[in-house]
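Right, one structure below, let's go through it.
By written order: A, B and C. Residues from 1 in each chain.
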Amino acid sequence: MSAFGAALKRELLVLWRSPAEMINPLFFFVMVISLFPLAISPKPEVLAVIAPGVLWVAALLAVMLSLDGLFRRDQESGVLELLLTAPVMAVVPVTAKLLAHWLLTGLPLVLVSPVLAHMLQLPNAVLGTVMLSLLLGTPALTIIGAIGAALTVGLNRGGILLAVLVLPLYIPVLIFGAGVIRAAAEGGAVNGILAILGALLALTASLGPLAVSAGLKISSGN
Amino acid sequence: MSDADTRLTLEQLHCERDDRVLFRGLSLTARAGEIWQITGANGAGKTTLLRILVGLHGFYDGGRHWWQPDWQRELLYLGHQPGVREELSPLENLDYACALNAQGGDAMAGLKAVGLQGFEDVPAAHLSAGQKRRIALARLWLAPKAIWVLDEPYTAIDQDGVAQLDARIQQAAEAGTLVIYTSHHQVGEGVRRLHLAKGRAEVLS
Amino acid sequence: MLGSPRYFYTFSSSVLPWLTPIALVTLLAGLVWGLGFAPSDYQQGNSYRIIFIHVPASSGALMGYMALGVAGLVAVVWRMKMAEVMLKAIAPFGAALAAISLVTGALWGKPTWGTYWQWDARMTSMLILLFMYVGVIALQNVIRDPRQAARAAGLLAMVGVINVIIVKYSVEWVQTLHQGSTLKLFGESTINPAMKYPLLISMLGLWLLYAVNVLMRARTEVMWRERRSKWVAKLVTRPEKGEQ
């Protein structure tokens, strides 16, 4: 099996066997979203206005929190050293890890998002755009966040520091992700904005894994 | 000096950490078939030295030269932690390590050699510290590599295991592998020894 | 050229004695001219005068982050020690300038917009720039090994520079989505030369001051890093003029 295939299989297995890490981000996503109608107002007209932002902020935080442990266990158990001393370029297993992580933590958010969007009183016609925006946006969030996770892996105080590093980097994705839903809800054109989201994903997917690998090397002492 | 057997040359290696000189002026030549034991008190810098050798630690002065540019293909490195994830079985852990390191060989036979037969599909979480270490050690019985760098390979290993590991290391060295390891345990006769203490690095034998 | 810490120290010793007064005099001249003598604006009266602080601070903060990104690239890719030192030296002053830019922007906003804060494109971008400075500084502070800290911050700054550019466009895009409410503080760049020259001079002065600050911080950092070397020991035990 190729190194990438073996690494992908391994990452999926590891996550699959620690279901809490997989499911908690999803619960977090749902719970945070259910706070807003309670805290702001359950009125449909209010919810429909804040819904795009709420969905996106909740998704962003769920992805970010799920990343705190992305490399930590591998670091503590010595797997990271194995990965960094291997003859295969570190980007290969790193990319596999990011892909697996997004498939099992990011994709579920995309899949439940129409239900939550409906609960937030967004019109049905918009639900497709909601899913599409998260489908393009959450992988970018995973990759960008992983850069922060790689730089803080040895520090044992991840959480809040990771947020300080990563949140400013999330802003463009947040703006266009929430923006496209809002545009759709107002009946505007969405294709152009989706194309921008796609471009952001392409940029992060092409450069991100390199930055993550470089970050891991720096954290290891290089 | 640089004959065909030379595998590793260190020139005036110097490393400081947290305001302390771990070692300075460390020069040596290690050849194929040699066994190098690195000793020193806790915190003397043994692990850091090994991490420098395998390219994990880059903050040092001086030179570290392996004999060929793609030396990583020929490296078998076992770190301070065994590199075993508890969610995975011994076989899955081993497969991953081998896939990354392009190391061939029969994984089952390797596990059998380290006495993990019958445990190959048990999640590593259920295994003892010694058994986890053995998962990592199983790679020593797979396809041969030209350099072994082993950080405390004897940790948590029982008496029989120690004898078996001694034999395996000597066997590999006879077949031309350069073995560098840290431990207070001496593999056997004719082992070269590097001692780290108070910022000095001495080749004792 | 400045790759060697020791050379840098000697070089900066010869530059600082004349660069520091030039920076201070330039900045002072620009500010006095701008605040005291430039004509008042026909629309905004005297309140516009805060631009003589606000605009130089904003441009300094932005340039500082770009410089961080360049230093990051050099430190991460070419592993140059002086670039690592620069990463530590550039960040604090830049963060302070971003904060000054926000405060002066808010003070200016009150008479102009009727509120201290508006989510206008420039102010929002500057806020995010401040966040990114905070990230770089926070990361440097938690990593114990100074070289590792600098390289980690360097990688973050490289990613950050790309982000700064994208943030600028995305924030502007949000503005177009919610039309109205934004009042352009300048018309189409038809600034009176009597205002432009003092502005340019204050800007130059602040940049020079920034450079002075970076050099001074870098000297301290170099000394700290090389504290066990002979040349630093010599310097500290025989603090004479003109370190050779």
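Keep in mind that, in the parts below, a residue touches a chain if its C-beta (ideal position, glycine included) is under 8 Å from a C-beta of that chain, and two chains touch if they have at least 3 such contacts.
By chain, with names taken from UniProt: A = Heme exporter protein B; B = Cytochrome c biogenesis heme-transporting ATPase CcmA.
From a predicted model like this one, the values you see are computed outputs, not experimental measurements.
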{"item": "Touching both chain B and chain C (chains)", "value": "A"}
{"item": "Chain closest to the assembly centre - both centres taken as Cα means", "value": "A"}
{"item": "CA centroid of chain B to CA centroid of chain C, Å", "value": "48"}
{"item": "Rounded Å distance, chain A centre to chain C centre (Cα mean)", "value": "32"}
{"item": "Distance between chain centroids, defined by C-alpha means - chain A, chain B (Å)", "value": "37"}
{"item": "Chain C residues counted as touching two or more neighbouring chains", "value": "145, 148"}
{"item": "Residues of chain A engaged with two or more neighbouring chains", "value": "221-222"}
{"item": "Touching two or more other chains - residue numbers and ranges from chain B", "value": "58-59"}
{"item": "Interface residues, chain C side, partner chain B - complex", "value": "79, 144-145, 147-148, 228"}
{"item": "Parts of chain B lying in touch with chain A, wherever the complex brings them together", "value": "51, 54-59, 70, 72-73, 75, 77, 79-88, 92, 95-97, 99-102, 123"}
{"item": "Contacting residues of chain C [partner chain A, same complex]", "value": "76, 128, 131-132, 134-135, 138-139, 142-143, 145, 148, 151-152, 155-156, 158-160, 162-163, 166-167, 170-171, 173-174, 177"}
{"item": "In the complex, chain A residues that touch chain C", "value": "144, 147-148, 151-152, 155, 157, 161, 164-165, 167-169, 171-172, 175-176, 179, 182-183, 200, 203, 207, 211, 214-215, 218-219, 221-222"}
{"item": "Interface residues, chain B side, partner chain C - complex", "value": "16-18, 58-59"}
